[in-house]
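The structure that follows is given in the form of structure tokens.
Chain nomenclature is as follows: A, B and C, assigned in order of appearance, with residue numbering initiated at 1 for each chain independently.
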Amino acid sequence: MGKHLLKLSDLHTDEIIAILDRAQMFCQGIDIPNFSDKIACNLFFEPSTRTQYSFNVAEEKLGMRVISFNPAASSLNKSESFYDTVKTFDSFGVDAIVIRHKVNEYYNELLGHIDAAILNGGDGTGNHPTQSLLDLLTIRQEFGSFAGLKCVIAGDIVHSRVAHTNYEVMRRLGMEVVTAGPAEFLEDSLESEDFDHAVKTADIVMMLRIQRERHAASMSMSGEEFHRAYGLTVEREKTMKDRAIIMHPAPVNRDVELADCLMECDRARIFKQMQNGVFVRMAVLERAVKR
Amino acid sequence: MGKHLLKLSDLHTDEIIAILDRAQMFCQGIDIPNFSDKIACNLFFEPSTRTQYSFNVAEEKLGMRVISFNPAASSLNKSESFYDTVKTFDSFGVDAIVIRHKVNEYYNELLGHIDAAILNGGDGTGNHPTQSLLDLLTIRQEFGSFAGLKCVIAGDIVHSRVAHTNYEVMRRLGMEVVTAGPAEFLEDSLESEDFDHAVKTADIVMMLRIQRERHAASMSMSGEEFHRAYGLTVEREKTMKDRAIIMHPAPVNRDVELADCLMECDRARIFKQMQNGVFVRMAVLERAVKR
Amino acid sequence: MGKHLLKLSDLHTDEIIAILDRAQMFCQGIDIPNFSDKIACNLFFEPSTRTQYSFNVAEEKLGMRVISFNPAASSLNKSESFYDTVKTFDSFGVDAIVIRHKVNEYYNELLGHIDAAILNGGDGTGNHPTQSLLDLLTIRQEFGSFAGLKCVIAGDIVHSRVAHTNYEVMRRLGMEVVTAGPAEFLEDSLESEDFDHAVKTADIVMMLRIQRERHAASMSMSGEEFHRAYGLTVEREKTMKDRAIIMHPAPVNRDVELADCLMECDRARIFKQMQNGVFVRMAVLERAVKR
């Protein structure tokens, strides 16, 4: 029975740091295990490019055998329940199952019925633990540690798995975390701040994707209006602190959350985050399948 | 040139038993070959989760290299004929081609034109040899042998590949086999019996999926009506013999063919069947590619 | 940083011959490298069976780890730009990226921003270098060399990547190349000839697929009319030179470009071309990733 990864709030800080340490080793090409006798299974019930294929590359780099099933893309399998589908793949004797599903905490109905380790690739508006881990790895590579750093998470907070997970874990690691954005996107339970002030004082400006596909009604402002009021414009970038960095979980709506020309600027760590995503996923896969 | 697996009626009983013996060894983790120099190709012209991914896992467990093409899911390739598509993959030099197609005996037009071994993953309403093999393996694990056992195959007989293949091979192995279900689903050529009587006297109650997608017109009764009259209800299960088991090829229409709560009860071997599916597919793949 | 393969006109004749020499060795099973530490990524933004899966088989035969993403088939990922999608996979640390895209010279915006080697699997109506290489390999296997051979490329020239690439490279290798077909399909810049005369005098009759999907309006003649006027009919085949061969990049519209019964006749090398496609793709993959 492997070790699940469902949400970061389940993990002690020590465990999180241990995962980051392994990811950093993999980043440097050190001590990469060979799991050629293990089978990983990717079940993405919601579309995903970045998370799914990042896991896929991580699995391949660990030498795992990979089975990928895309119910979201295939429109097959309409009549079979989520539970029966996962249980089917578990019956095949796979070692780890990576799942993305639109239902929050979808995994609760699986626990105790599944032998494979479950790795959460995103549940509804709930958690996205590997995204947070790759964010943390990117921050630690930049600043060496976490305590005392200030991060502003800006934009579509309410629809974001990343915001919720990061807010909790970053505070636990001693960081100052604030949210910013239009009132319709904020949550009362999360501390917020004026965006312009936050940009000037933060070490990390983390912009979130406007998830148009999750909005029941259309957003009350246009992309251009959002960019002017709450996007990281060329002008705002100039007010950032000297060593401050720009992060974004991607895909980016260019010229909405972020000015197009900032995407690969010196401060941007967006493609670096994607690179680190492979290493943290290797670390959680190792944790899931090694005896 | 490898050994095709087209339908079980082509195989001597000895060959069937030899395949089950190998599958049982694989089940116990014994003598698993490494075919890392072999390429398996999965061509599913009709949607399938269980069969396709079970073959996929089997191929991976044998160390094979795997190419998967899903014309059913992709809606690509509309203009190219079935023959030319299969011949294309054969030209690439693959060793085994697993095919599912809606045409009965689709393989006849390929024989003699293809170098790879063909493994039939289901042809129309014709045959589904690996499903029968996994059923046989599950029965033998339970009862040690076949002769004298009674199996009732119940439900949508007329649309089922499994019913036809199992009826023939189980009788050949010395089992008593009867069918049961509503008149519209039965076939004159297969012996049938009252369902309630069959449930009380059978060692194996094998429920079939109602294949709504294959019915030209809608079924004359609702799912609930079917369940009461011909489904394995909680009440009927209580009338089963002491050591009798429940089987179903899946996916199950819960509360139609089978009461939801019986799906994972002590008698149920449904997920066990899926598990065994990997082992019998390993055995027929080995048979197909080994020299 | 690996070696891109974008278009054949970038390559010296010596390099082309070197690729064919390696492909011929792979065809004979000689000196096949093992790149189990390399990851190949297939990104097909336009549908493809033959090219995509031929690359896939080639990657597997080289022992590479393979990631396949089908935006064309999945209808996912609508909002993310081509550049960001490719850059994402590059960030994952893959070694080679095979791309097909409908934009001519799509690769120009990637060069200098991508670490992986780009292998062009077809760009718009531009180039299709591996198709030309497999054509050349097939011709060399047949005739031993290129100089002095005559090839007629017939049919839908204007929509064909193959025609453009082959015309240039075959002339460079000392072959006589002419085009033939209805006026609406020809290009002024490419020499053309009467089809019947060309068939009688050519060593290679290369028929092209009528790409109905690329025609803005419907073709002015029916498939039957085309076949009579510009197709390789049973009658025309009889006028071919003794050792002359028939080629076609496939998929074939049977009885349009080519009489159905000629598809696997003694002169036909169509499935041979597909076979050779794997070997030339192994050669360009090796060139791309070996240090």
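Assume a residue touches a chain if its C-beta (ideal position, glycine included) is under 8 Å from a C-beta of that chain, and two chains touch if they have at least 3 such contacts.
Owing to the predicted nature of the structure, the values given are computational and were not obtained by experimental measurement.
Taken together, the touching pairs cover every possible pairing of the chains.
Bringing subunit B onto subunit C by least-squares fit of CA atoms involves turning it by 120°, to the nearest 5. Averaged C-alpha coordinates give centres for subunit A and subunit C that are 40 Å from one another.
Counting partners per residue, subunit B has 73 as the residues that reach two or more other chains. By the touch criterion stated above, subunit B contacts subunit C in their complex at residues 39, 65-67, 69, 73-77, 79-81, 84-85, 87-89, 91-94, 113. The touching residues of subunit B, counted against subunit A in their complex, run 47, 49-50, 53-54, 56-57, 60-61, 70, 72-73, 250-254, 264, 271-272, 274-275, 277-278.
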